Structures are given as structure tokens and as C-alpha cells.
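First chain A sits with chain B, and in the next complex the same chain sits with chain C.
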Partner chain A sequence: MPEKKYKLCYPQLGNYDIPIQYFVNNGLHLEYLAPPAMTKRTIELGAKYSPDFVCAPFKCMMGCYIEALEQGANVLIQTGGTCRLGYYGELHEQILKDMGYDFDMFNLTLFRYKNLIGMLKGMKQFAPNATLLQMAKALPATARMITVIDKVEDNYRQNMGFEIEKGAYDKVYNRFLTQLRKAKGLRDVNRIYKQTIADFDAIPKNKPEHPLRVGVVGEYFTIMDPYSNHEIEKKIAQMGAEVHRWMNLSNSVLLCPDEGTLKKLKGYLTYDLYKFPSSLWVNIQKKLSSKYTKFDMGSSSISTIALAEHYAEKGFDGLVHVKSFGCTPEMDAVPVLHNISSDYKIPVLYLNYDTQTSDTGIETRLEAFYDMIAMRKEVTES
Partner chain B sequence: MKIGIPRALLYYRYHVLWETFFRELGHETIASPLTNKTLMDAGSHYAIDENCLSSKLFFGHVSALEGKCDAVFVPRIANYGKDGVMCSRFEALYDMAANTFRDHDINFITCNVDLQQKCPEEQAYVMLGVSLGASESQAKEAYQKAYAAWQEAHTKHIQEEEAKLHDDRIKILVVGHSYNLYDEYIGKPIMKGIEQLDAVPICSDAVDLKQAQTDSLSICKAVPWIMNRELLGSISKYHNDVDGIILLTAFPCGPDSMVNEMIIRRIKDRPILNLLLDSQDGNAGIETRLESFIDIIRFRKEARL
Partner chain C sequence: MKKAYLGIDIGSISTKGVIIDEEKNILAGIYLWTEGNPMGAAKKVIAALGEKIDQNEYKVVAAGTTGSARKLVGAMCNASIVKNEITAHAVGTTTLHPDVRTILEIGGQDSKIICVENGVAVDYAMNTLCAAGTGSFLSSQARRLGVEVEDFGKIALGSKNPTPIAARCTVFAESDLVHKIQMGHKKEDIIAGLCNAVANNYLNNIGKGKKILPPIVFQGGVSKNEGVVKAFADSLGEEIIVDENGHLMGCYGAAILALGCGIEKPFSFDVADMEFVTREVVCPNCANHCEIICVYRDGELIDSWGNRCERGEIKQGQE
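And then the complex of A and B:
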């Protein structure tokens, strides 16, 4: 029997298709089809075939899957998690099959992998020739890629608003992404990272001593995917502010705020994939936010609260809370954010995304918010 | 001590258990009044506007208990381990209530059921009992009595609903969370509407909870929510005996938004009406849809005879 040729695909999530592609190519020796960049068509397609009031990420992923299937992907990856995400896989599969597509779903929820090793083993289903050793070998570079992307993006968001020559940061950032796509291993990744940071530092900037600082908190998918959130971070940064965001793959999954190596290792090996996307280090964050909450409120909400309080304590000028319409855990965090806002006197902009959200609407609200916090800072400083 | 219990959300599932438990420990309980317009408005005032209708009502019920009792009981129920998880709303409910009513004169008491974090139900209630001043053995006994009472009440409820199956009129299975089915403002008007149309509504919560878990697998495999699994179980149990199914959902219920879609895609041999309820006043739209749904079923039935 001729071996079926698998072509894997995971929906777009920021730039994380680069490490995923690297892992699939080098760890599993399979072909990976990066989902086509999200466009209006993606979202429209997704919304058309999804239930009405399901959360926006479901619709975005749906659109990504359809476009990937059109381009010949035949294995779709779905992760699952604590909130509605836990049911994405089965429903996506049903709807797409009803539409007549032929594919396999690699649904991590269904396989009940308890931890990382179990997941690696499960991957053999699609990659019969790959060995655990190969996968383990590809892991360090994959993980490094994720952390490097996050670090570069952190730097980019915090400084790009103060560049003198317009577009200088974008140029370096885009070059970084292109190079990273071609990286062959850990050494390449490290070299590209060093070069990028050096290039960033060399860009002439006009940064005041106390710039406006804005913290972005919110729901896992919408916050990490710039297309889904209408690039709000870039927009705020360009108005002239430092934009901070803790929530990314490396902070929520790879890097432990508590740096003990043994603890970290134990965390990786025993990480219950069911709890994704609640942070791996949820207990630490629970302690941090204990002033406001007694329990873990589910999914990413505990990180939202812990980070909102952290930013407020650090004297940030404003917070932006990002979530898709109807996201239960993030909605539940809102009363807590109200309290943080009134205790620390920090303004919070609540942004709610659906597939209909318009760019102009978002821009107007961001501008008004920026003007307000900028004026507020002037008044308090003088 | 006088303990207030909001008549919303899990009240409809667990009220026998809660009331018996507190009574056994020598506490008085008071439930908030039946849902009415004032409560609904209060709920919309306190809750974030995109909360589901059922949780908005919950906040209205909490506010109605202010000044009426010494403490309001809001449990935090996250999951039952292998049996599935609850909607994350129930995981956050206590903290939400405590934060929303921070500046009000309301004390909250809670218990934490979270099997993934090794807090089983019994332990949760025993700890609650101890924190209310009972000894561990007293609390344990109270819980066991309460659990038995709850089981008994539930069995009786199942028998009542099963008895309705012998009715010759058109039978409609109303699939919805118990807090929607039995609420004065959400489910009751629909139940009444069905009865007025000379049909019999059967409530989806009349299932053996363990059995429903297993039965649900015949429809979908990966549903994580325990309460939705039970709804699926009820469809699998009653589906051959009823003439139609109504999916009753409060907008924008997270789990239902996906599971209902699945039900519609997988149950093909019974007519299904998907009723989405919002906090709008006026039932004319709903009534029309109910009427035409039942009319269609009736015509089809007569045509077949």
C-alpha cells in the first residue's frame, strides 16, 4: 500500500507558524502547509460556516482550515483546552466533513494525551518514520524560535513608536521573520536573534525618559494574533507609547516566572494538556492575584488579572483588555478589572472582537483612549 | 445563621442538596424570590452586558438577598474530574460575585469542587460545614444526608417525567439547562406555551446523571462539559419517544453555542427547533415560532396516520 502523504496544518496564530513548521519538517519529517495569511475572505468564510454566536477564534480557525484544505492540506491540528477551545476540534471536523472535505483531524483533546511525552508519542500516528529521538532533537530549536519571536516582538512593541525614521523597525522586523523561516537549527536561530536585536538597537530613536506605557491583557488567541485584533499593539505603539504584553507562547507555556530548573522540568513533563491555555504556572499567578480572587477563574483569566495588577502596580498609564465576543473566562475577569481600575486609578479600554469588528471603529476608540491617557499623564506630571 | 441562596444557575440542580445540608447543620436558608422584572433589571445592571441571560439573572438574585440574610452561598464548581468540566462561568462565579458586590453589604460563603485539583465534592462540603462551625463528622453526616435527599428527589423527578411519555398527545423534549427550564422568565413561559398548544413538554434534566454521561457518547465523543453531556444523554434517552426537540438556550451560552450546532448536524430524524432567548421583553416572537413548530409536527403526524 502506498504511504499516504501527509500535509499538516495548524491555523494561523501570530508568527508561530514558523516554529511549528520547523518542528513538523525537522522533528516529524513531514510536509507542513503554513496557513495562507488571514484576509477578509478567511474571516468571511469562517463566519459563514460556523455557528452564529460561537467565539471569534473558532470562526477565524474555521476560515484558516478551509483555505488550507483548498491548498491541499490533509491533516489539521487542533489543540483543545479548558474553555470552549476544548470542543473546537470535534465541531470543526464535523462541519468541514459535512462540507465534503477529505482530511484527518489530529485532535489533541480526543487522544487524551496527559502530557508532553504522550503528545509526542501520539504524533507518530501521522509520522510513522519519525522517532522520539528525532522529535526531541528538534524541540530545542523549536522552543528557542518561540522565545526568540516573543523577545523580538516585545522589543519591537516597546520601541517602534519612538523611531525617527518611519518604518525602520518594521524593516528589521520583517527581515527577521524572513530569515527565521529559513533557519536550519539552533545556531541559526541564535545568530538571527542577536543580529536583529543589534539592528533594533542601532535604529535612531527619540524616546523620552518616561514614555507612555500601555499594558495589553486578554484572551489567548485574540491577543496573540495581530490579524484577529486588528494590530492594536502596533497602532498604539505608533501613536507614541511603549506597549507591553506578557501573554505569549513563551511566557504562558515555555518560560517559568519561577526560575527553578527542576521545578520547570517537572512542570513540562507533567503539564496536563487539558488545562491549556491556562498558564502552565497558574499557581504562581493565583498567588499574585490573591488580593482580588480566591480561585482560578478558568482559562487565561488568571493571567489577565495577575498581569493587569502587575502593570497597575508598576504605574502604567493604561490597560487594554482584548477578547472575542462571548469569551466566558475573560468576561468573568471584567468585574475584577473594574476593581483594579478603581483601586489603582488606571484607565482600562475594553475591546471586544467579533468577525464584524471594523478597523475604523477600533482606530477611533484607540485614538480617543490614547489622547485621554496622554492628557492625563501631562496633568499628573506637571 | 441565615444563609441566602440565589434562585438561579445551579440552584435548580442542587437546591435540595444545599438546603438539606444547611438545615442539617442547624442553619436557616432563604432563597431569593422567583424571577421578576425588577430582578431581571437588577441583573442587567450588575452583570457585564454580554453575560448570558442566566448569569445576568444570577446577579439580580444575589442583589435581592442583600440585607435579607447573614451570608450568601455561591459555590465554585470547576469540574468533576473524569465526568467532565463545568462551564468556566461556574468556576469563576464566586470571584465574580465577590468582586461585583465588593462595595455592598453582602458576605459570601463558598465551597470549592475541583476534582482536577483533588477537591472532591464531599470534601468541599465538609470544609464548608467546618468553616460554619460544625465538627468534621457532623458536616460529613449532613452532606451524606443531603446527598441522599438530592438523589431521592431526582429519582422522583425522573419518574414524573417518564410518566408523561404515556400521554397520547404530541410530546416535545425541551433540551436546556435546568436553570433555564425552570426559570420564571426563561423556561416557564415556553413550557406553558407548549402545554397551551395541547402538547406535553418533557424536561431534559430527567435523566440518571451517570447513565446520561454514557449515553451522550452515542451522539458526540469529545464534549467536555458535564451538563451538556447530560443534555445529550437526555436526547439519546427520549429521542425515540418524542415527536420533536426544542433546544432552549440563553444567549450567548458558550457551551450551547457549539453543542447545539453538533446536535442539529447529528440528529436528523426528529424536527428540532433552536430557541435562543435574550433579555428582551415580549414573547410574541417565541410564541409564533412555538406555534408553527408544533403545527408542523401535528400535520406531519396526521398525514402519516
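And then the complex of A and C:
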């Protein structure tokens, strides 16, 4: 039997297709097909073939899968989850098979891999020729790419609002992404990162000593995918604010937040993939936010609460909570956010996303929110 | 000649305009229906305001626009400032009522709450994804009941026994309402029930998690409905202040923002006679198909927007 040529694909999530592509190419020696950048068509396709009441991330992923299948992908990756997402793999597979597509589903929920080694073993199903050693060799650069993307984006969000020449930050950031796509290994990644940060620092800025600071919290997919959240971070930043967001792949999956080395080691060894996509360090965060919550409500809800409290404590000027319409774990977090808001006197803007494509409503709310926190800061400081 | 400032609030249902002097006194105000034609309504507002003030004594040096068609009309009348309606309302109301703590606002398509501390807005909420319990719901039910929406308040106050109506969702409310009509409930009871439903829906959705502290100012078109005012007063147990100029608060705020922004741009009442045309261009560069709106004044492109990236930019003098 001739060996089947696999083309792997994972739905678009921010810029994480770059490290995933690197790992598939270099660790598994397979082809990776990044789904085309999301557009209106992606959302329309996804919504058309999804149940109406399912959350927006399901519809976005569905659209991405369809567009990737159209371009020749034949292995779709789906991760598990501690919310409804845990069932999405099967549902996506069923719907797409009913539509007549021929493909394999690499569904992490079904494989029940307990930890990273297990996951690497599972990947052999699609990459019979890849060795564990090869995979392990590709891991450091992959992990570094993820942390580098997150660090660059943090810097970008916190400073771009104060650039003097409009578009200067965008230019460096886009160059960073283009170069990272071509990176061949760890050394390249480090070099690109250093260069990008240096370029960022060289951009002339007009940043006040105490700029407005806004923290963004919320649901895992919507918060990390700028297309899904209508680029709210960029929009707030451009009005003239520092935008902070803890939730990203590095913080939720890669970097153990425990301080001690031993604790860190323990954290890595007890790494439980079943918990994906909530922060794998959910127990640590639960302890941090124990004043407000006792139980994990699934998905990213605990991170939302822990981080909202953290930002409030740090004296941020406002919080933005994003979630897809009907996201149950985040809905459960909203009453807690009400409490944090009144305890720390910090305004929270709640944004719900469905498959609407108009920006106007979101812009009105963001602009009003920004005006409000800006005027408030002016009055309290004078 | 004294300086004056113009503010226009172009909402989904109604368009409002004021002219103020440098001391923030209202010189002239007007309120009329948008009727699905924001530019036409804005022209009418400008023309009417121009007649109401003495143009030999006052000169409009800056204009501000707000409301859902703020961008369009802002381009049309060369506005110094284009602001969202939440900020405009907060600024307008806190100027007239410096001690206000809570602003309730119900308009034609949206509703919002603004919490104020020491004269500045500290928190707000606005309806998302759903327009239940807003003015347009009351208008459509008025039509169903065969009464003018303007008479709603008076009729509601005549009821001794308001009919309970499910308020969670407009669609459910409507079917509940039909059921209650067919059961034989009196019209005034149903209308009073509707007013209560609007107030309860508002407090449960928009007011969720917010501390509603007195003094409370209620504004927006629905604030002219005494039935809803009474429903709010009853369920909050507080006095509800309805300003006689409550319907003008958005444009008043826009005028104050125009005064405060320090940018003076030439404004002429002649815009009411100029011809403005908009054209929608669908950007062909990617599958996003951004809808770009171009505004022309007497055939000349004055502004465009709607593109998500620089590839879709349409500049003056370019086609």
C-alpha cells in the first residue's frame, strides 16, 4: 500500500500557525497547511455548516477547516477541552464527513494522552518515519517561537499606542512575522527576536509616565484570535493606552508560573493535557483567586478571574472582558467580575461575540469606554 | 459677534440638534424623526436651527456630532469632533445636573446606564446583541394596540391593575402580550404592564451588577413616557428626574465637546442646501469584502471609511 501523503492543519489562532508549522515540518517531517487568514467568507462558511447555538469559536474553526480542506489538507488537528470544546472534535469530524470531505481527524481528546511524551507518541500515527528524537529536537525552537511571539505581541500592545509616526510599530511587527516564518532553528528565532525588540525600542514614542492601562481577560479562543475579537486590543492601544493580556499560549501552557524550581519541575511532570485549553496551571490560579472562587468552572474562567483581580490590584484603569456568545464558563465568571469591579472600583467592559461582522457597535463601546477611563484618570489625578 | 457651538445627535429613530453659547446655555433646540434618512434629517435640523438663532449676533465656530450616524453627518457638516453617544450623554447630563449619580437612558434602538461619581462617568453598560425593551419595541406595540406611542404614558397612569407581561425577551413579551389581549385584559392595564416590562427588562439586563444610586436622571425618547418613569420610580424606590431637555442631552453633550475641544472649523448653514451623495464601494482586494462608504459634496469626495486595511483606502482626488 503506498504511503499516504499527510497534510496537517490546525485552525487559525492568532499567529500560532508559525510554531505549529515549524514543528510539523521539522519534528514530524510532514507538510503543514496553515488555513488561509480568516475573512468574512471563513465566518460565513463556518456559520452555515455549524449548529446555530454553538459558540463562535466552533464556527470559526469550522470555516478554517473547510477552507483548509479546499486547499488540500487531509489531517485536521483538534484539541480537547474542559468546556463544550471537549466534544467539538467529534462534531467537526461528523459534520465535515457528512459534507463529503475525505480526511483524518487527529483528535487529542479521544487519544487521551496524559502528557507531552504521550502526545509525541500519538503523533507517530501520522508520521511513522518520525522519531521521538527528531520531535524532541524540534521542540525547543517551537517553544521558543511561541514565547517570542507572545513577548513581541506584549511589547507591541503596550507601546504601539504611543508611537509618534503612525504605523511604525505595525511595520516592525509585520516584518517580525515574515522573518519568523522563515526561521530555520533556535538561533534564527533568537536573532529575530533580539532584532525586533531593538527595532521596537528605537521607535520614537511619546509615552507619559503613567499611561492608561487596560487589562484584557476572557475566553480562550476569542481573546487570542484578533480576527475573532475584531482587533480590540489594537483599537484600544491606538486610542492611547497600554493594553495588557496575560492569556496566551506561553502563559497558559508553556511557562509554569510557580516561583520555585522544584515546584516548577513538579508542575511540568504532572502536566495534564486533559485540562487544555484552560490554563494548565489552573490550580495555582485558583489559589490566587480563592477570595472569589472555589471551583474551576472549566475552560479559561479561573484565569479570567485571577487575572482580573491581579490587574485590579495593580491599579489598572479598566478591564475588558471578551467572550463568545453563550460561553458558559465565562458567563459564570461574569458575576465574580462584578464583585471585583465594585471591590476595586475598576470599570469592566463586557463584550459578547457572535458571527457578526460589523465593527461599528464594538467601536462605539470601546471609544466610550476609553473616554470614560481617560476622563476619570484626569479627574482623580488632578 | 458672539461665538456659538452646534451639536447634532443623529439616532436611529430621531435626530436632535442644539446651538449653545460660550456659557453653555441652550440658544435653540430641535427634535425630529430621522425617518431612515440621516443626512436629510440632519439638513432639516441645521436649517431649523439656523432660523431659530440670530445669525447676525451669533456665529457657529465648531460643530460636534454624535449618535449612530455621527460619522456621516460629521463629514457632512465639517465637524470639529465626532463622539460616541455614551460620552456625549454623560458630558451633557453632568453639565446640567452636576450631582447626578446614575443616568438611565432608553433610546430607539439602544439602552444604556452610566454611573457617575464626582461629575465623571466611572462605569457604563450598553445593550449588546439585543434591542429588547427599547423605544422601537414600545412603538411597534403601540401600533398593535391602535394607540399613539405619545399617549402611552397617560393611558398607563390610568391603570389600577397592571397586567404582568414576560419581559425577558421582546419576542416572548410580544406573544405574552397577544395572549393577554385575547384573554380580555383591559387596554390600559396592558399598556401599564408593558411600561413595567420595559423598566424591569432594563434593570435586569443593562442594570445588572450596577449600583443605582440617587440622584437618578432618566433620559432618551422613552423618558417622555410617564408610565415607564413611574415603573422605574416604583421598582427603585427613588425619585426619577426627567429633564425637560432630556431628549436633547446627546446633542447638548456633543456641542459642549465641540466647545471644549478647542478646534474651530468653518461651519455654514448653507450645508442644508448642498447636495450630499454617498456611494458604497466593495473592496475587491480580499475575501473580507469591506464595504467602503464614500461621501461626496456636490460631486466632490470629502471623506471615506469602512476599510479594514490600507489596501482599501480611498483618498481625496482618487477614484
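We adopt the following convention: the second predicted complex is superposed on the first by the 373 of 382 C-alpha atoms of A that agree within 3 Å, B and C clash if a C-alpha of one lies under 4 Å from a C-alpha of the other, contacts with A are read in each partner's own complex, and residues count from 1 in each chain.
The rule we apply is simple: contacts are C-beta pairs under 8 Å (C-beta built on N, C-alpha and C of every residue); 3 or more make two chains touch, one makes a residue touch a chain.
This one's a predicted model, so the numbers in the text were calculated from it and none came from an experiment.
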Touching partner for A:N352 - first (chain B), second (chain C), both, neither: both
Which of chain B and chain C A:V379 touches, first, second, both or neither: second
First, second, both or neither for A:I164, with chain B first and chain C second: neither
Chain B versus chain C as contact partner of A:R365, first or second or both or neither: second
Touched partner set for A:T328, first chain B, second chain C, both or neither: first
First (chain B), second (chain C), both or neither touched by A:L133: neither
Contacts of A:A202 with chain B and chain C, given as first, second, both or neither: neither
When both partners are placed on the shared chain, which of chain B and chain C touches more of chain A: B
Touched partner set for A:G86, first chain B, second chain C, both or neither: first
Partner chain(s) touched by A:H338 [first = chain B, second = chain C, both, neither]: both
Overlap of chain C and chain B interfaces on chain A (superposed complexes): 325, 334-335, 338, 352
Residue ranges of chain A touching chain C (in the complex, touch as defined): 39-42, 325, 334-335, 338, 341-342, 345, 347-348, 350-352, 354, 356, 359-361, 364-365, 367-369, 371-372, 375-376, 379
Of chain C, residues touching chain A in the complex: 68, 83-87, 90, 118-126, 128-129, 208-209, 211, 286-289, 308
Chain A to chain B touching residues, read off their complex: 51-55, 58, 82-84, 86-91, 94-95, 98, 107, 109-110, 272, 274-275, 292-299, 301, 325-326, 328-329, 331-336, 338-339, 352
Residues of chain B touching chain A in the complex: 48, 50-51, 76, 78, 85, 87-89, 91-92, 94-96, 98-100, 102, 110, 112, 114, 116, 220-225, 251-252, 254-255, 257-262, 265-266
